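Look at the two complexes coming up: subunit A is in both, with subunit B in one and subunit C in the other.
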Partner chain A sequence: MADRRGALVSAASDARVLFGAAVLLALIVAAAAAPLLAPHDPLEQDLLASFLPPAFQAGADPVFPLGTDSLGRDLLSRLIYGARVALTVALVAASLAALLGTALGLIAGYFGGWVDAVISRLVDVWMAFPPVLLSIVLVAIIGAGLHSVIIAIVIIDWTRFCRVVRAEVLVQREQDYVASAVTIGLGRWRILWHEILPNLLPLLLVLITLEMGIAIIVEAILSFVGLSVSSDQATWGGLIQEGRLYIHQAWWIMVLPMACIIVSVLGLNALGDGLRRTLDPVMRR
Partner chain B sequence: MTVAPTLAVASLRLDLGHTPILRGVDIDVMPGEVHGLVGESGAGKTMVGKAVLGIAPAGARIRSGSMTFLREDLIAMPERRRRDLLGRQIALIPQDPMTGLNPVLRIDRQMTDPLRLHLGLDRPAAAAKALDLLHQVRIREPERVLRQYPHELSGGMRQRVLIAMAFSCRPQLIVADEPTTALDVTVQRQILRLIKELQETAGTAILFITHDLGVVSKICDRVSVIHSGRILESAGVADLFDFPQHDYTRALMRATPRYDRPGDLLQPVPADLTARLIAEAEALDA
Partner chain C sequence: MSAGYLLKRLLLAIPTLFGVLVVVFVLLRVVPGDPVTMMVGLTASEEDIARLRELYGFDKPIFTQFLIYLGDVLQGDLGVSITRKQEVLGLILGRLPVTLELSLFAMAVALLGGMMLGVLAVYRPGRGGELVADGFSGLGLAIPDFLWALMFILLFGVLIPLLPISGQIDPRLGFEPASGFYLFESLLIGEFAAFQSVLSHMVLPAVALAIPLAAIIARILKSSLQEVMTQDYILLARARGFSRLRIVLREALQNALIPTVTLSGVQFTFLVGGTVLIERIFSYPGLGNMAIEAVINRDIPLIQGIVLTFAVMFIALNLIIDSTYVLLNPRVRHG
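And then the complex of A and B:
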């Protein structure tokens, strides 16, 4: 057990991991406690207070710390509620894509033969589609909404997990411990599930973190083109789309949600990268 | 002799892709016997062990010959039956103690799995048995070792754990694939002594795969010399060392250091002999 604690300590002392974990924590807090944190109702309009700048600029109203949009809605509150959508999509879509991709990758890598050939060709064909266009088409077909966005991301991004997991299973399968497990008389599913899968967990953790960043971007893109959740719900992509119209009068409406997306994705990528570096040498000795 | 061999391999031919690896291998391992299989790297010795255990790599194909375990055909055996035999009647001591254990599972889990599977023990009984086995292989603080992960143990300790696991269900046959090669020399001697002692107590037959004639002289009862997938010579260990019949066996001995004759210069196996052996072997492929 001492080594696991050691791994966590060394992970926590990595600057990227610390930064990424802080960003993730901030996202989780914002999403979970949105009604408590937001100073206003994100939908509450005040047409007399439209286009107010953030507090550090001249002409600002301290009631609206980050300013207001074209309908006088509080931007800070909208950003906080937007984190809810972003985090929900990131967590659910990344987990489901991991589940689907890992299951197929495990089967392809371990059983090989025609099963592997079918799954691998499927992945090849899948990855030939441009992902953003494919997601837009998919959501257009199954209809807008949070569920559709999640389904679209899962359908597109399971291939990332499938490819990496398959390659890693090919490596693990040749390790002596698998031969030992076979000579002990364990069955194939049991070896795959109880012997090989635990060796993939650090890798999966890293992949899921990176996928969360990707999911946030895809959700923003779909919101931007108006295919995500309904327009009465605040999303970062929706804010960008709205802010684009007033970029010359009120830059903050577009720039602030962009900053949220950039910081979130940067944080998740840093977390994934840092975890990969700190977990690998410990788990793969 | 009317005793049936524990393992009988006869005229076994095996290809990997289109390359012949084994070209008619005959080995009989008698009950309670440690049978050495000696050869240099690439001779096919490890492949014999893998074929017996049914873990030959993808692309390996048995062309002809037979393998029987206690008169039971190992080649035509259904998967279920093989799985039932493996671990219970036939076990493996792998070459590399670093990778032979699963890096992310604790020792107790890895030791108790086969006990529960084959002996039908419940969890506490299997744990008690595992502890007992670690005592038998003379591991210090076995209670602590059971709770540890493989990388927390030294190479020698890991190999002891793997040996304990191999003997745990009292198998009839153990395939030991270079079990001491990855260890340093002092640990090597302890491990050899341990295997010999457990083997004698349990009366297990062992197919002992190695490249080291020094190791053979310490542990084996009979020896088969393999080169290019062919058995060149098979003899009792004393006969082999005193009256080696084959040129290659003699060359192999001149290439091995002997502590009883420290002044002798070591000589590599002559290239023309190797070439002749390969040519003879390839003539069999036609």
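And then the complex of A and C:
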């Protein structure tokens, strides 16, 4: 236990972890307190104030600190509400993908035999599809919307967890503590759940963090293609799509949400990498 | 032994391929709602819908439908596109060369860029070179290809209009290659104006696709070069007074390349998958662009055909990568 606490302390002092945690915290605050933080209603249109530039440019209106979009909606407010969608998708999709992938990976790795063969073939089949195309097709079938985006990400990305967890269980299974657990007569599920799974938690934490970054990107891709939430709701990908149309007259509409995505993903990657280095001796190799 | 390993991989590809066919079939037949209504929209009459159901065999039991689909696919019949009223296979074969050419060019850019960065990091360790290389690969790994693509459009298409940001070739040139390979054919037959136009249209999408892969290659090459650099024969070369650049390029690179090529080979499939969105962003008339159009138009036979094509391409690529891995590294043969 002392070991683990020591690992947590060293994790907290890692620069990457600090940067990543700060970004994640900012995302959480923006998402949770969006109505309080946003200076305007993100849907409120003001056609007389369309295409206003951000405050640091000439011709800006201080009422709209980051400018407005083609319908005169406040960009800062839309970005803050966009963080809500991004964070929801990131948290829910990454956790569900982790749940499904870990369950299958544990079973495949521990039980082996035909169970492993079936699950491994399933992973092979899944890996044969290009993820972007598969997610677009899936969402088109299920129907656009936040829940479809989450379902699509879970259906596609469970393999990331499954492969890593399976490989790790194969290693853990040969360790002495599992042999002793078998000797004292513990059941197979009990060993899997109480003995092996706790040893995988640091690894899972790292994978979930990285998956959150991926989920934010996939959500942005799907709203960029026009398949995520309805078009009047503010999403980063939707803003990028709009900005792409008006790129010649208002570059900031595209650049600001891109910056949000890049900072979020860089932060989550840094958090994942930092945690990997400090928490998990297995992945430190 | 190596032949046995390859044979095993080849045999394993068969159930994977079968699984892919099942998924492609299930994905678009057992969708919520009726596939025919989805195709023709809600305005079609009952009669039309019934006729279409019969035409596509949707009135038969689902298992029979799958067998019919399987038989058709094995005979190379992927059906007829609903919106384009053409054979799906023909449509796909027409677009495939465009996507292949773009992917291969992007792969070459990624290899070149990644290797230069990896060498730079080891040539000047702990100094500017390594910082630049590490910073670039960090950014390259975190920022996905489609955001690079949009940045390039803004930078080189709008702010400093250097390169074309839409299409594949200047349509005024009227160049139509018989093979479908625009870049290769224009070069081969000496149509240099067309070659230049195709190349300039290809640069931005290819570089956007290449950056994440280049970042991975740079990382792997850096760590394998670092490992090689500690070995005795490098020490010997140093003792003989060879310059550091010569040692890195002539002595170390050769041995560090094997793990780099094999490990980054797997990532090549991700690059190919990335073409879907990149082609859309640059209005590049390849397979990926057609895929998104098909999804928007709910052209189910076309979607099925394209998804299947990509999956077969991925399985084939993985087999090729595996074989090179075996050829290059004798240790795997026994694994």
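Rule of thumb we're sticking to: the second predicted complex is superposed on the first by the 276 of 285 C-alpha atoms of A that agree within 3 Å, B and C clash if a C-alpha of one lies under 4 Å from a C-alpha of the other, contacts with A are read in each partner's own complex, and residues count from 1 in each chain.
Following the convention adopted for this analysis, contacts are C-beta pairs under 8 Å (C-beta built on N, C-alpha and C of every residue); 3 or more make two chains touch, one makes a residue touch a chain.
Note that the structure is predicted; figures quoted are calculated from it, not measured.
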Look at the residues of subunit A and decide whether subunit B or subunit C touches more of them.
-> C
Based on the superposed arrangement, let me know which partner A:198 touches: subunit B (first), subunit C (second), both, or neither?
-> first
Partner chain in contact with A:186 - subunit B first, subunit C second, else both or neither | first
In the superposed arrangement, does A:57 touch subunit B (first), subunit C (second), both or neither?
-> neither
Which residues of subunit A touch subunit B in the complex?
-> 1, 3, 112, 175-177, 179-187, 194-195, 198-199, 201, 283-285
Residues of subunit A touching subunit C in the complex | 121-122, 124-125, 127-134, 136-138, 140-143, 213, 217, 221, 224-225, 240, 244, 247-248, 251, 254-255, 258, 261-262, 265-266, 269
Contact footprint of subunit A on subunit C as seen in their complex | 12, 15-16, 19-20, 23, 27-28, 31-32, 139, 141-144, 146-147, 150-151, 153-154, 157-159, 269, 272-274, 276-277, 280-281, 288, 291-292, 295-296, 298, 303, 306-307, 310-311, 314-315
Sites on subunit B touched by subunit A in the complex = 53-55, 58, 83-88, 90-92, 94-96, 99-105, 113-114, 117-118, 147, 149, 151-152, 162, 165
